[in-house]
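See the structures that follow.
In what follows, chain A forms one complex with chain B and a second complex with chain C.
Presenting the complex of A and B:
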């Protein structure tokens, strides 16, 4: 990037402080819902619905116990006849006149989310990289129209195509399968991936590949040895965008999955306890749900920060 | 190393004819420089030999083998680009080893290492082998780029203005180094430039490209003293050749049909006109340090010649100008041989 394009005046200390304050305040406001969810996940069910809301409370992992287990109500006599509780979860459950009946569906749903989100992200980025390379380097007939067509798949709101897709999937036997969801999210994300990655690959001078091809590499080998390493920034940024979409997607997931392939977003609202919504369990589910995307983003932070400036590849 | 020849090669990009019927033979061990202005088809010619472009017609033969339809990788050529020459994600050593690590070559790591070191010493970059290629200065980068071509022993080295992005001092140094290396290795080289000094000093033969065609090819001496036409004459010489209408100066020896006379410094005898008749006046003396450019006004034409640093001429002096076996060109711009 050229710094000479416009003159840069070092901002004054006052304006720097003002900017910092603004950013911090904005960040805090944005963090409040997240903090509230996080706090709720460590409350007991009565604390979670207390009015006025409790800011200070005794933390409990009951929400997490309830998230990962199913429980049945029993008589106090039956509970007293049981051997002593072996875990904290056992103990809390018994205090509420219930016993743990088995694991809940959260873990398999969470695993579904991982498989589907990462699977579709991999497919979308893989296909997107190859397509973007093709569009960037070869004279593709009607390239501009094709690119517009690829982008146009994102024009409609998902719900507009939900019913046809639902019917198609039922006919094809793809309803409620991980494969079906991976295909669907890949199809949605690949347009984003092609567009983002084309920008990044356009920025890589083709002399590098030409040099490699003269040096005895085939085009594919040159792509792998020379283009890919320089496109990692763009690939990382694209992967995060695709992953965030696939991870958070709710509309298609709730329509097309109900059992074995259900992802976490439609599952979390179904966590219902005895006598109303079990808010700590719902909050615990949401908190656990946030972890993978957080870890992934932190791992790719360096690439993301460089990549987010779209196409500003170091020359 | 091997002979390389292009036979009637044509290449067009859309409506633009980049190379038009180019025929050129390069002998084993020869250093051929293609000289021409931007857009004359120099780079396209190199890319055609390298296989980065396919000719529309004609054929390219390297070492007796018709490579016209072969991929770049199977042509056994090495290429030095004008810029973007190094892989930015690799170190100097990895850049130099890159061609040797090609799956098509089965070099052992030990062989690669010793060859890389050998070449790094040749291009004087062995002290920076572990540096990232983006951390080098312009001259170092270009030395590595040349080194990366030299690690192999291809049929021909193709160089596309490898020195043009460097400053004048560095360009001079690398020019000498490159010529030394080429002479040492006896390599066949096709070198493209728009810098006449590079062409004159390095080439065994110079090919002058103009408007997609090869205007003339010959030794630097031939090109300089016997240019085929006005265009070739204008490419070489510093300051540029003076092109004058045939009747501007008294000249009895001009062959019939002469339309334009080409006069370089060595074709002009300039004397101060004491009191007698004069042909022109000194307009300006341009001091360049080691030499001076003398700007003359003759009739309504300007002439520029070289003169000694301690010249006696001064602005406003009246001078006589005489031609001394200059170059004669006909109406079509072709030189009339005497």
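Presenting the complex of A and C:
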């Protein structure tokens, strides 16, 4: 067990303290960009581009207002003729001589991200569980070659894959559709799912199913009622890894979607205000987009190592 | 409820099985193991063949032609190997390969040094090390595109936080620190972001390597009065080496095909100073629409990655047996 490591050769208190200081300094420095995203999302546009950069500022939700709306510039006379503002967003927009024209594309793009990420994760984990069980329990001819083939598809450069996929989807009418993206992400994620889940299923003793089969279960019943419940943790961890990949993916999304099926990552960089990038709105979009991942990272922290090494390193 | 129903059904099926001849019985009892194995594995293989292998074969075929995807009605001419020979002799490709090599070399060097040092420090097991490890891991889980995009803001010449901090410590005026548009600085701008993002990855794998070293080896070294320095070079480093290799190979492959972060930060510019291979590929395929030519380039990249992946899996299996 890792807890018992270095029990005799325990590092001295001084060296521990020095190590702690260095690690904490690194951790804090590496958090600055994320802190800055969060802080910027609560700044007003003038505050966000102030020099020197403002660390203390009056928080405002203008960035979030701008993220979810589109606005048009109007004359002061027109704005004065309007009925009183009903919401905070209305009010701040009017102060900048603008009125809210309608909802922005952020919400639909965010929903696309959700649909595509969850859809592809479900398919990848479903297929991956079956295949992993197959490889784990049966003598499959050329199993090592097949497993290598499955993994190697994940190493393909996305742009290299995107060229023929682009042509194929154009022929099949899958360009810029959620279905096309789900299929593509499933194919990328299934390799990770198979490798990770094979590791998890390998850890479940065969004896359990064998006992169940002696009791009269068929192979499929044993799989469903004995193996699947035992593999729940592994399946959940795998699902989160697939979800994070699909959620974060940019290369395919930016080349193969342009409108209806566009996900959030290619959309967020295109959020612009008057006279350039609307940084508070971009920061707000980034914050909204990152929060689910932060939650998942904390949930996953014990399984991270497994996930990033395709199940090879288990601690 | 359903459990009892299904168990009644099972029992009924079993009774029926007992009453039927042998071959039929095995069918009622369920599919044979071989059938189950193929039934379980086939869908994955079929999907990968359809989404990965079929397009790949198509790309190979296109790589011998002058096809352009934006002019689908033009006749396709077979031009043999000339796409390949053009790529290998073209100076632009070599410039792209140099930019890629510069990026891969420095990111891996920095990430391995910082990542291993952090892992070594965390392995001192000070109080709260688990918490700080989780904090350090956060950047690598985030979307390189979305976070990379935000770094453009940090790099802004006047108002960016990064430029401000650098100018604060060096005294260089902020207007002179053009991280993304200066020819010398831009390659470093992308190296910094990648290092910030992926050092935790190397750290996590190195940490696993350090923790895999059994205590008794250090105890024996202690008995032999080996100095700390000696212990590090003859125990710690060699025993963690397969793990470091694993991390280096994986980062090497990933950064060799780097696209998202660079595309958003510099888009390959200024000029083509940060034009790594994937950016060149995107420009050729989706901006100049030289589909045949870019397919050939894609195949070359793929062969290179495939070779690296082969080595990676070998190291992976070696680490696995530890």
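The working rule: the second predicted complex is superposed on the first by the 268 of 315 C-alpha atoms of A that agree within 3 Å, B and C clash if a C-alpha of one lies under 4 Å from a C-alpha of the other, contacts with A are read in each partner's own complex, and residues count from 1 in each chain.
Rule of thumb we're sticking to: a contact is a pair of C-beta atoms (placed from the backbone, for glycine too) under 8 Å apart; a residue touches a chain by one contact, two chains touch by 3 or more.
Here the structure is a predicted model, which is why all the values come from computation and not from measurement.
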Which superposed partner A:140 touches (first chain B, second chain C, both, neither): second
Contacts of A:226 with chain B and chain C, given as first, second, both or neither: first
First (chain B), second (chain C), both or neither touched by A:59: neither
First (chain B), second (chain C), both or neither touched by A:128: second
Which of chain B and chain C A:251 touches, first, second, both or neither: second
Contacts of A:207 with chain B and chain C, given as first, second, both or neither: first
Chain B versus chain C, judged by how many residues of chain A each one touches: C
Partner chain in contact with A:216 - chain B first, chain C second, else both or neither: both
Intersection of the chain A residues that touch chain B with those that touch chain C: 216-218, 221
In the complex, chain C residues that touch chain A: 10-11, 14, 29-31, 33-34, 36-41, 43-45, 47-48, 50-56, 58-59, 62, 69, 114, 118, 121-129, 132-147, 149-154, 158-161, 164, 174, 196, 199-201, 204-205, 208, 211, 213, 215, 218-219, 222, 243, 246, 250, 253, 256-257, 259-260, 263-264, 277-278, 281-282, 285-286, 291, 294-295, 298-299, 301-302, 305-306, 308-310, 312-313, 316-317, 319-320
Chain A residues touching chain C - in the complex, by the definition given at the top: 2, 4-9, 11, 15-17, 19-20, 22-24, 26-27, 30-34, 36-37, 40, 48-53, 127-128, 130-131, 133-135, 137-140, 146, 148-153, 155-168, 170, 183-184, 186-187, 190-191, 194, 216-221, 223, 244, 247-251, 254-255, 264-266, 268-269, 277, 279, 282-283, 286, 289-290, 293-294, 296-298, 301, 304-305, 308-310, 312-313, 315
Partner chain B, residues of chain A touching it in the complex: 205, 207-208, 210-218, 221, 225-226, 229-230, 314
Chain B residues touching chain A - in the complex, by the definition given at the top: 50-52, 71-73, 75, 77-79, 81, 83-85, 87-89, 98-99, 102-105, 134, 148, 152
